[in-house]
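Chain lettering (A, B, C and D) follows the sequence in which the chains are written, and residue indices restart at 1 in each chain.
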Amino acid sequence: MAYAASQPIAFPHKTHIQLGVSCIDCHSGADIRDAAGIPSVKKCMLCHDKLAREKPEVKKVIEYANKNIEIPWERVYGFSKTAHVKFRHAPHYRANIPCATCHGDLTKATVAERVVTHNMGTCLTCHRQRKAPEDCAACHY
Amino acid sequence: MDDVRRDLWRPLQGTSWRYLAVLLPLSMVTLWGLIAWGYQLDRGIGVANIRRPVFWAFYLVDFVFWIGISHAGTLISAILRLTEAEWRKPVTRAAEAITVFALMIGGMFPIIHLGRAWIFYWLIPYPNTRLLWPNFRSPLMWDLCAISTYLIGSSIFLFLPLIPDVAQLARHAKGWRRWVYRKLALGWTGSDREWHALERAMKLMAGIILAVAVSVHTVVAWDFSMAIAPMWHSTIFGPYFVVGAIFSGIAALILAMAVIRRTMHLEQYLTPHHFNNLAKLLLLMSLLWVYFTVSENLTVWYGNEPKEMMVFGARTRGTFAPYFWTMVVCNFFIPFVLLGIRKLRSIQTAIISSVTVLIGMWLERFIIIVPTLSRPRLAAAWGSYSPSWVEISITVATFATMVVLYLMFAKLFPIISIWEFKPHDRVPER
Amino acid sequence: MGGKVSEHRWGMAIDLDRCTGCQACVAACHAENNLPVSNPEQAALGRAVHWIRVDRYYEGEFPNIRVKHRPVLCQQCDEAPCEPVCPVYATYKNPEGLNVQVYNRCVGTRYCANNCPYSVRFFNWFDPEWPEPLQLQHNPDVSIRESGVMEKCTFCIQRIKRAEEEGANNLQPACVQSCPAEAMVFGDLNDPESKVSQLAENSRATQFLEELGTKPKVFYLERVK
Amino acid sequence: MDRRNFFKIVSTVSGAVATNACGDKKPLIPLLVPENGIVLGEEQWHPAVCTECGAGCSTIARVMAGERVIERGEEKFRERIASIKKIEGNPLDPVSGGRLCARGQAALQSLYNPDRLRGPMRRNGTRGEAKFTAVSWDEALKSVADKLKAYSGDQILFLTNAPQGTRALTIQRFLEALKAPPARSCGIGDFALERKAAETVFGWRGVPVYDLANAHYVLGVGADFLGGWLSPVYYSRQFGEFRQGRGGVRGHLVQAESRMSLTAASADEWLPVRPGSEPHLIVALSRMLLDEKPAGQLPDAVAQSIRTADLAALIRTCGIEEKRLRGIAHELGTSEAPLVIAGASVVQSNSFEALAAAHYLNALLGARGVLPPQPEPPSAPASGNVLEAMKRAKVLFLDGENPAYVLRAAQSLGALDLIVSFGSFLDDSAAYADVLLPAHHALESEAAVVPLGLGGVAVTQPFVRPLYDTRPIGQILGQLGVAFEAVNVKDYVAPMLPADQTWENVGRQGGYWKQNSGEAKVTAKELKWSEPVFAGKPEEFPLHFQPYLSLQFHDGRGANLPWMQELPDPVSSAMWGLPVEIDPKTAEKLKIATGDWVRVESGSGHLEAPAYVHPAALPGVVSMPIGEGHTHYGRYASGRGANPLAIVSPVWDGAAGEFAFGATRVRVAKLERKPALIQFSPQDREQGPWGER
């Protein structure tokens, strides 16, 4: 069973994607920056200020927004500090790696689960296949 | 049961209060060392007083020292075996046991000294899932290979001649000991074929272990001489370290024998004759050692290369001079006088010389490692060093550990090879 | 990306005739690279960390006395003595000629530091401490190194990486960027037109401890006497 | 396996009680919604102004997201805020040219210093005990306003180190409304003498600008322009050009100074002149030149007094061989572009005369490299005898200045009726304050600063939120019950701008700058020089004592920056404490080695510090960098080292009335105590002594 974070809000990626929201609409750094970014509750409220306010999970979002506190999302993916990985989203986006390669097919996911294992083996395998740099300092610095 | 066997088995039976009086305090010291190490792991290697530029100090000194001690055994016993020196017989097991334990202790230091000891296994040469190997160009890798080979080899070398003895013991022992001895005896029956095989194996192992032992200490020496640091980058280090190792090994052996002789009342078996022979060997090694020491230092002094002279100066007349000259006195003058003059040579003087040689050889490793590191090429980076309580604790604890392990071994197995000393009754070939 | 990066061979030239020894480079390095700050006790032991330092030596006796300043940082040697001795490949030469230190791979044997003739390698004896809110100044592009690993000048590899995204027009390590006397120049030694390549050919150009054959990529332009 | 697991295994094996320090799991603290415009991983650069010294360098600050923990009531929150990651020079600013000195870069650590004052406080204990309780702004302001009503005129003293600009003008207006005398500075590192000399000789208001980059042969006298004099970043850049920036011409620098400063260390030749003999050196050189060439633009009266000078006596005073001086005079006289740069890095009783004499020497040489400054408004800081002023005063306002440290004024502070401090830190002087009203940090404020002498203005607008409950200085002053109008940056800058500059543009680029140009015309007609005056009899106090502005700490205000504490001192390589610099001969006589503790005693007091045997120190001259020895200044500076200014006797410059902090005599004795100098590089010779430490 893949690791599934216990999130404060049962956020359904699937629903949002079906409604036509694209990944970088919310994770707005993914194409241009190192960090993809977890959107602020302010971004949630851009839509949910008007839409679907009556749904129980959305109510929780509104509650957080009213308290001016970020939703304490739990990270699903990430590297341990001691791994010293500087993962940069932008070059991967430029290389046309689909988000799903590393994050799984979220059109089917209701909650974010760690579908793909992220370790140096998975990184390296892909880097080798695509002739991307294998230099340690490409990621570790 | 004959007298010899009874005498040699006596230590294995019963535990005297004197034995415990020695064992228990030393175990506490060992425990204290482990606590110190735990503290170091918890807080960071910084609790040791190593610093820039002296990145290696006590732990590496201890490492080289114990690996040196380990040459007591195997090498001496192997040489004596190959040269068929008959007087060796009561000495070999005591020597071989030293080797194994000293190696176990010495082998711990490269781990203790790591900044991140919990990932020491990254040094072990096996390919991980990414097919990343360790770096075989690094002398530390050679070290790892050499020391593990040596540990395995010397364990076998200790174990093989133990088999007939434990088989004997298995017949007489009771309880858990019996079970242990029986397992270790590997079904030894004492047939001629087995004896023959054992003797051939010992000859073979003696040859192999000799080569391994020489190479191990050479490789340890290369940890230093492969580096371009002043006074490390020297071709003499390989043989110099081997000689030093045998030197300190003999000293350790003499001490161990003296202790065993006294505590286990084996005066009959470890006679002044044995001590006399070992003392002569110690004297020979002392002369060899001083020859190498003079060669090392004379060439540097004559060459007068500034960067090397800074280290040479620090050693011989600077900060480290007291240690340097103590080393020379301990390793040369004392053994030379006490053992070189025939009238003075006795068990007592052999013991005294052995103690000074052990101190001197520990200092020798300190003198090789620390002055060089504290005088790097660029004067702006010069520094100094003094140990912390953690380093001292761990160092002291290893000496205690050595004695503890040794005493425990002597409690479990005859410290003198019974069958070699008094051949077993051979079971006639059927 | 893979092929493109190895076109570069980063190098530096330091004009000692310009250098005033003001240590702006030292402070810049601290700010850029999250260098740990020690305390008096640790500093007294010799555990202060300065990836770049200004060596100062007095020459002669008063009144005919001179001071020599030389900023010393990792020389990014082509034949780096630190590299072969590392048992776990935590330090090695990358395709751009940088002598890289991989923190996560380092087990802390400190052999590399012993074998560095320039004494530019530093060790993390403990985890660094940053009393709140000093952590706000941390450069998010650079790792915070933990206890037990070696560290040293990286030629500001994070800036080199950023330049991959943003263009290398203004690519300078922090020390070079800060130098008030403009004594330091950074650039691509593979580009014969680059300023650093030209300075490396200057008649005053030397390499530090050249005789050891380490082939440094830092060139010093000696002070005119 | 990580360290924790490994440790567990080990402790099980050893049976030891685990000192479980690493078992704490980070508590989950809620994250507050960040302000707008903070994007993880995105960087922004904003113009700022450096206020670590008076030079007025424009800088740029790299702003990215950072996280801090704050408490609201009982609850803790994490807060993602825009935080400054790094400060660099503003590449558009010709002063810094995108470069910045060590201290300027470390200004960041004053902003994020863990010891900053969190909000207004009121004294809660005796004076100097440094016990304070937090109060509300209203309460604090009211208490000051109520008391202030009873005082006026001379009874009010305002000490500030604000450089020329909005802050200084705001303070000026406040004081005018209060009918109090203009603000003053403490007199160290404020270049009042340089201003006075330029005004006297040329009629200029402000410090002259030297065109070092275009000079061929430069004689520096007492001006450590690469270390801490005027604008070190500007002159370091110029120095680079001077040395290697012009094809074919390499500038030659001769530096005359009574200690080996950073400038002397970089010079081609160093003239170790005796303390206080700078005027004599300049007059002697002028005399030698006058023998060779016409007087040029030199006023006749001045030429006459030089011609009648006793050359032999002058040469004897400065302690340099005549042959050497003649050589330098000749080279100066024949150089295509000679320049004399004189300053008072260490102020002596006759420093003003040296500065004036240097201006005349430039006139004699026809040097073109002395440029008129951008005229300063008449509010330029006066320092003078601040101790005297403090005796008259009843109310003291402190804005960045630290008289208890610089002037040993703790006693006078104790006698005042009311002390109010606007600084961000509880320093030696603020410890005596009755009310602490912390203003925003410079990096959180808007400001316009006029660079020292150079044309233009550097501008900054707030780009990070104030970290704590602080207020802008203008607002605080405005709430003290005095009606006046605080200066707004836009209003201040707009009138200064030429037609081709717009305010928006200036705000965006961090300022506007113009080249200094013009000619130096001597208007004065008089040259005097006098023998230096020293406090203390030579028999009793045989050594000269020269405190000097340190590279790391300047006048002491940098001592709370951990980076600067750990920056190796350029002279001694000392860290976390500064030594007394003693020459080898004196040290040998007193059996002092580097690291030994010494007691330095003057007629005014004594200090104890480790010694550094300085191979290039003048025999009989003991120097000590200023910076350490704070009684109160946060965790990094408090109680560390000794303050050299604490033993300086009050001697004032004869002509200008400035604090001559280099004019004290001392005696030195070795103390039997464990050596304690922390050095990064203890070795100061390339080939260390054979076998010694």
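In the analysis below, contacts are C-beta pairs under 8 Å (C-beta built on N, C-alpha and C of every residue); 3 or more make two chains touch, one makes a residue touch a chain.
Please read all numbers here as calculations on a predicted model, not as lab measurements.
**Student:** Go ahead and name the chain pair joined by the largest number of contacting C-beta pairs.
**Tutor:** Looking across every pairing, the one with the most contacts is C-D.
**Student:** Nearest chain to the global Cα centroid?
**Tutor:** Located nearest the centre of all protein C-alpha atoms is chain C.
**Student:** Using mean C-alpha positions as chain centres, tell me how far subunit A is from subunit D in Å, no decimals.
**Tutor:** 50
**Student:** Rounded to a whole Å, what is the gap between the Cα centroids of subunit B and subunit D?
**Tutor:** Roughly 61 Å, centre to centre.
**Student:** With centres defined as the mean C-alpha position, give me the subunit B-subunit C separation in Å.
**Tutor:** Spacing between the chain centres: roughly 42 Å.
**Student:** So the centre of each chain is just the mean of its C-alpha atoms; given that, what is the distance between subunit A and subunit C in Å?
**Tutor:** Here subunit A and subunit C have centroids separated by 36 Å.
**Student:** By residue number and range, which residues of subunit B touch two or more other chains?
**Tutor:** Each of 43, 116, 119, 379-381, 383-384 in subunit B touches at least two other chains.
**Student:** Using the touch rule from the top of the page, what residues of subunit C touch 2 or more other chains?
**Tutor:** 53, 55-57, 89, 105
**Student:** Among the residues of subunit D, pick out those that touch two or more other chains and give their numbers.
**Tutor:** In subunit D, 2, 41, 681, 685-686 touch at least two other chains.
**Student:** Along subunit A, where are the residues that touch subunit D in the complex?
**Tutor:** Within the complex, subunit A touches subunit D at residues 28-29, 33-35, 37, 40-42, 65, 68-70, 72, 82.
**Student:** Spell out the residues on subunit C that touch subunit B in their complex, using ranges where they run on.
**Tutor:** Checking each residue of subunit C against subunit B gives 42, 45-47, 53, 55-57, 72, 81, 84-89, 105-111, 113-115, 117-119, 121-127, 147-150, 209, 212.
**Student:** What residues of subunit D sit close enough to touch subunit B in their complex?
**Tutor:** Against subunit B, the touching part of subunit D is residues 1-3, 5-7, 10-11, 13-16, 18-19, 21-22, 681-683, 685-693.
**Student:** Okay, in this complex, where on subunit D does subunit A touch?
**Tutor:** Going through subunit D, the ones touching subunit A are 2, 28, 30-34, 39-42, 77.
**Student:** Give every residue of subunit C touching subunit D within the complex, in rising order.
**Tutor:** Going by the criterion above, the answer is residues 15, 17-24, 26-28, 30-32, 37-40, 43-44, 48, 50, 53-59, 61-63, 65-69, 131-140, 174, 177-183, 221, 224.
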